[in-house]
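Below: one structure, written as structure tokens.
So that you can tell them apart, the chains are marked A, B, C and D in the order they are listed, and the count of residues begins at 1 in each.
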Amino acid sequence: MPQIGRRQWVIADGWIPPRSTGSDPALISHEAACILNATEADANVTFTIFFTDAEPQGPVSITVPSRRAWHQNLGELPAPVKVPVATDYCVLIESDVPIVVQHTRLDSRQAENALMTTIAYPGE
Amino acid sequence: MPQIGRRQWVIADGWIPPRSTGSDPALISHEAACILNATEADANVTFTIFFTDAEPQGPVSITVPSRRAWHQNLGELPAPVKVPVATDYCVLIESDVPIVVQHTRLDSRQAENALMTTIAYPGE
Amino acid sequence: MPQIGRRQWVIADGWIPPRSTGSDPALISHEAACILNATEADANVTFTIFFTDAEPQGPVSITVPSRRAWHQNLGELPAPVKVPVATDYCVLIESDVPIVVQHTRLDSRQAENALMTTIAYPGE
Amino acid sequence: MPQIGRRQWVIADGWIPPRSTGSDPALISHEAACILNATEADANVTFTIFFTDAEPQGPVSITVPSRRAWHQNLGELPAPVKVPVATDYCVLIESDVPIVVQHTRLDSRQAENALMTTIAYPGE
């Protein structure tokens, strides 16, 4: 497998919609950092959350196993980080092996859902 | 024609919506890897699919002819790869000539459709 | 003004929705290549369109004046290029000065519109 | 904290929807430039707005404090810049320290909202 990716990533438009429409769990409003670790080593991936009017939260870390996909719900990061809904934030993601990160928001505040996605900004 | 593009690409937020609304084939929920081969040579393009809890599937390959567009439905990759719906996955795309890849999802689970797109992550 | 941008760009997921809902011109389904020329020189910008089953169309060219924005509707390129609706295509955009290109689709086939955007793929 | 980001960014598809549906302030149509300043220094961030048929507006500047997120509503930039609604524009963003910029549009002209996002184009 190739060593594809980078060790630093940024999501700049973080905002978790505060409401959802309907009860289907797959249609609950949320934001995700979708990660590929295509390397032969497990990745130790840390998340630091930045706010407009408060000190950063984190870093907290998760493990993404070798050759695995992991879609991290940004409202469900490990304690003690807790991203509030309806609040502007940014995310710095750091890994000890190369990974790729894509940012997606599903907004189902209204009856029909809205989607947005972008490859996150790759640093070093 | 210029040799524009890269030989490795990653889509990190793969998730095929499990349902659609209506019977218009152009409004069926799907994900696509949209590819341009602007070079003078045919491209041998391989897809490897990564999951959260299982070994990767693939690689499987397709040919994208010289100076042609090809929008690959990710739910219809060549056998034996079969990406299940409603399942988190990532995609590694490799080509023997430079190509460009853009990732798009059409989600028509609800009455009105939602769209998202991003240029995939370019590797080497 | 800075010389920001590149001289080659690719949009890989071209597909113009074949229908629209309502009569508001600003809600007609369309795709655009949105261009910034921040340089001190006018830009000669050419478009080449690639298809799945046919030879490329173009190049055709437009001028984007110095220090101006230009949002090019991809269904209204200069003759003889004519991109058909409901057809997969890709676009190669070339300029003699650095520009920046962003790709956006508005899909109003259903009563509520859907939007998607991405910075195009920058080449040389 | 890492010096992640760039000092120049471009948003090429600026267009602020002229109407909204409903009275919830969080569902008003708008465009934002979402910024992370992860550095140890405050960032002086300037915005220059480009139009199709008029001279650029700006630059005007804001401060994004060290280690803070700032989601700038592009319809509410400092005077004398005033971006009109329903008008094509592009944005050049310049900073004296590295930042990351993500562009997002919420369009609620119709009953259900539409969303689009992309990491902006990074220059030097």
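Going forward, contacts are C-beta pairs under 8 Å (C-beta built on N, C-alpha and C of every residue); 3 or more make two chains touch, one makes a residue touch a chain.
Because the structure is predicted, anything quoted here is derived from the model rather than measured.
Participant: What's the rotation angle, in degrees and to the nearest 5, for a C-alpha fit of chain A onto chain B?
Facilitator: With C-alpha atoms aligned, the rotation comes to 90 degrees.
Participant: Please state whether the interface between chain C and chain D is built from the same residues or different ones, using more than half shared residue numbers as the mark of same.
Facilitator: Interface between chain C and chain D is built from largely different residues.
Participant: Which whole number of Å gives the spacing of the CA centres of chain A and chain D?
Facilitator: 21
Participant: What is the distance in Å between the mean C-alpha positions of chain A and chain C?
Facilitator: 30
Participant: Where in chain C do residues touch at least two different other chains?
Facilitator: 111-112, 114-119
Participant: Along chain A, where are the residues that touch chain D in the complex?
Facilitator: Listed in rising order, the residues are 8, 10-15, 18, 50-53, 55-56, 86, 88-90, 92, 94, 103, 105, 107, 109-112, 114-121, 123-124.
Participant: Under the stated contact criterion, what part of chain C meets chain D in this complex?
Facilitator: 1-2, 4-5, 26-27, 32, 34-36, 38, 67-71, 100-102, 104, 111-119, 122
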